[in-house]
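The following pair of complexes shares a single chain, subunit A, combined with subunit B in the former and subunit C in the latter.
== the complex of A and B ==
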């Protein structure tokens, strides 16, 4: 293998992986804390991407500045959805398994609603725009600048969230709830409020990733589900509720996929994702870094 | 009786509508007799249905008619035994995700195989059986599925399955061979799904791997839950209701229909945990 190919794979893999890590982190936050397996996660990514596309093409807003719109808007949507849907299911106080199945069905309903709303608004045609597609040379390889920017922003948001989780008071409350929901509530943490907050943050992460992705690829209303699956693979790879696991898992999956596309064919990508997902579920449901 | 005489009376349009609804009934009933009592949420319906349909497309006119349907049942059953052995120790959403992922894995592997190895993207169905043959085949399958559901409810297996749904560990402690009951019933329900797929395939003249459609899985779940998955009547009511709704709305207002389907699912989960049939029973039992 020549060194240029190696740089191609490693840098390309880290770029893809950084994006995967952010989507997966959002999903993991929802599942790790609330046991809500949100299969509509990728649909928020798709919505974020279309929002950025519309703002950019209609009013010429800089795509990076639209993050300031998609982030808060999706955070608000997350708070509302949590209050309207998930809080009511969680409050019913059933056995954990019945609860997980019901919230899973809810998010499938949400998936249908969001995807078809997008089809009605933006139609099924490919949409896209060009931003920062200037070549950037690095160690003899060439990368479009927009990918580097997108991956950089994604990683920065992920790391910022990690610091927030470790240092801030709210972050401590979230970790306490993940570790021991009953004990944390005894210590005076408001379960429902923290759940809503985390659901909002998780969805905002997905939508922000969507905004970044809209700079790189063309959009259809169907781009969401493959990202949900990828995020699921990463979350299960890194372990449910494990934030560092999601970050590392995202980077690992990015590297593996990029390598397989360079070395084999691109058709194999989805087969590999689903295959890895099935294998891990069978062999080690607690994840690679799980206890 | 009316359903048996139907092909003689009905115009081709209504016969085809009745056929589609009966197929939905068969799918929803056979989904519900496993997933309802056991609470294992399966999203593999599309995979079993697709495998049956693809089998018909491959063997096509080379074998006499009811054989592809039997083959579909066998292939569904075999797939379910394999999946069941691997996945039925996964609980809750893990099982749902696994079955969903498996259906997608099957679809993408088949696409990859067809384009890469055989060099085709789909198959033509030549010489399909007569429409009334198809109608009676599906009618038989729907009837058999309902009969199986009724018998299963009263049998020891049915009670064992409900015991697993209530508390699997307790059921095991009480001496139920949970693995055998789960895998056995799952395979039985998959056999029906495979058979329905095989019998429905001749309706399309051209089939490609997209027939492994996750939408089939979701629609089946929504039909069963809308009617009420814990009863036998529930999935029938749900399938007829949504079957008619999709017939009226799907072609003209496709996206609105799908959007409405999503909203229906959300409302059912939040407000109608026992479905329309449960609601009707509740209304009858509560004095005004």
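== the complex of A and C ==
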């Protein structure tokens, strides 16, 4: 294989994978920990993207600086949503299946509300802007600078979150709840509080990914759902509730997709990614890193 | 409403024509002409629907009602009332609603939904109930094969479009300005049809296609394809694209540092949005059909009225034809009334003068408008090909990306 092609595939794959990892990590926090299958996850990504778009086009704010707005704002929105909506339907002590189906219905409702809100505010016209839309030469190949930056930031945020989980006290509480909800509560961890926190962080991750994506693609109110689906694939691939799994799962999916595009054709991208998913589910049903 | 009525009476009181219209009846009592349609307000089709069709429907309605209503033969002027919903880009929803419009609401006329696939779905229903349907955004070779006598297509179809594309490229090659083509197409009915039409024309013209690649609808990264074309030494990018990937291809060509002599893409290039998105998009070519500089009566007035009402320009391909379809209906109703059979007969036998130029249907296909290629030059999408319709000359090689 010629070395430039290898660089194209590896770097291209990491760029795509970095973004997948961040959006999947957010979903995994909600699904893996709380059994909330948030199908509106991608809509928060869409909202984050529009927020960055508006801040950048109206006031000329650097898109990367807008992360400081979209992150905290969506985290706050997540806390409020959890308190007002999810905390009520997620009454403790019920079967996980009941929680799943209820939260699924709720998320579907949220999806429509958010899409239509975006439609009212920004209309259905394509919206976009150019940021760092310049070539960046690297090891004999050339990559869009904005994609490299977006993927770099996404990976940095993912790794920072991983460190937070490993090192901080709250992070330990989250991990404890993931491993054994009942045991953790017996040890004095406040379930509802940690749930709210995770929901907020999950949504913030989605919105931050959206901010990054707005530098790369045109926006419409309907860009969210495909990301929810991809995130779900990554979560299943990496293992439910497994943070490292989501991170590596995202990167693997990105690499597989990019390799299939370069070595075969764009049309088999989806076949390749679902093929890998099926293979993993057959060989290891709990996911690559699942217990 | 009452305010409008008073204004209307005030402005027309002196006109003898208006007095005839209103003799014995007040404006509010005249039975409106009911026209039904669906347009995608949400979902993937909403972008195109909101640019090419919606604004023209409402512009026409406003203009007609300002004149006192739609002139119906033998009845005088009747106000136009629209009945419409958002079909959410779902074919079933559109089909169901059109069926309801025709059987339940018993509308007088229908207007089409947006997009080739939607038109396909709805045309069958329109045909069943005998409603003439004039589609300004339906492009498919298959339309000719289906037996849909009540369906009329206003745009040039894939074959003539590709004839124009290849005609221009052949001319440029003869001048020694281009030599190698990289061809990419979106793997969707529209892209595949354009591709199938393009291949024989390219071959016949002796043009050298160095690489051909397809990609799925909604592709997120076209840089592998563009890098491949660049490496193969292509100096023409021929992209049979749809709006989102059209923009992606343009963005990424610049990002992988590829500026071919000719950058020719398909759907969406003619949108003013595209020009604004790429700082003028100077030198980019695409499917064209119309611009305000064409020498057609009413073209400039149409452009100005569109901008005034919607604060946005009509696109440079199908917008004018959406408006033209309404002009055609208006003339038919004025001359034969609301009898839909008679309207069909008139559609089949008449040449219409519209803001899009003369339009004549043969077996439901507009045979008067050729396929055209345009190029963004200093803010206007100049028509380059065919030469008989040209408003500008090709700038090749295209300037560097802005």
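Keep this in mind: the second predicted complex is superposed on the first by the 267 of 291 C-alpha atoms of A that agree within 3 Å, B and C clash if a C-alpha of one lies under 4 Å from a C-alpha of the other, contacts with A are read in each partner's own complex, and residues count from 1 in each chain.
Methods note: a residue touches a chain if its C-beta (ideal position, glycine included) is under 8 Å from a C-beta of that chain, and two chains touch if they have at least 3 such contacts.
The shown structure was predicted, so the numbers you read here are calculated from the model rather than taken from an experiment.
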- Item | First, second, both or neither for A:162, with subunit B first and subunit C second | neither
- Message: Let me test your reading of the model: by the given contact rule, A:104 touches which partner, first (subunit B), second (subunit C), both or neither?
- Response: first
- Message: Contact-wise, after the overlay, does A:270 reach subunit B, subunit C, both or neither (first, second, both, neither)?
- Response: both
- Message: Applying the document's definition of touch, where does A:122 land relative to subunit B and subunit C: first, second, both, or neither?
- Response: neither
- In subunit A, both subunit B and subunit C touch residues 115-116, 119, 267, 270
- In the complex, the residues of subunit C that touch subunit A are 40-44, 46-47, 49-51, 187, 213-216, 218-225, 227, 243-244, 247-248, 251-252, 254-257, 273, 277-278
- Item | In the complex with subunit C, residue positions of subunit A that touch it | 8, 12, 16, 115-116, 119, 123-126, 128, 130, 133-135, 141-147, 217-218, 220-222, 226, 258, 261-262, 265-267, 269-270
- Per the touch rule, the subunit B residues reaching subunit A in their complex are 39, 41, 86-87, 90-94, 96-98, 101-102, 104-105, 108-109, 111-112, 115-116, 218, 221, 225, 255-256, 258-259, 261-266, 269-270, 273
- Item | Complex contact set, residues of subunit A against subunit B | 37, 85, 88-89, 96-98, 100-102, 104-106, 108-117, 119-120, 229, 232, 267-268, 270-271, 274-275, 277-278, 281-282, 285
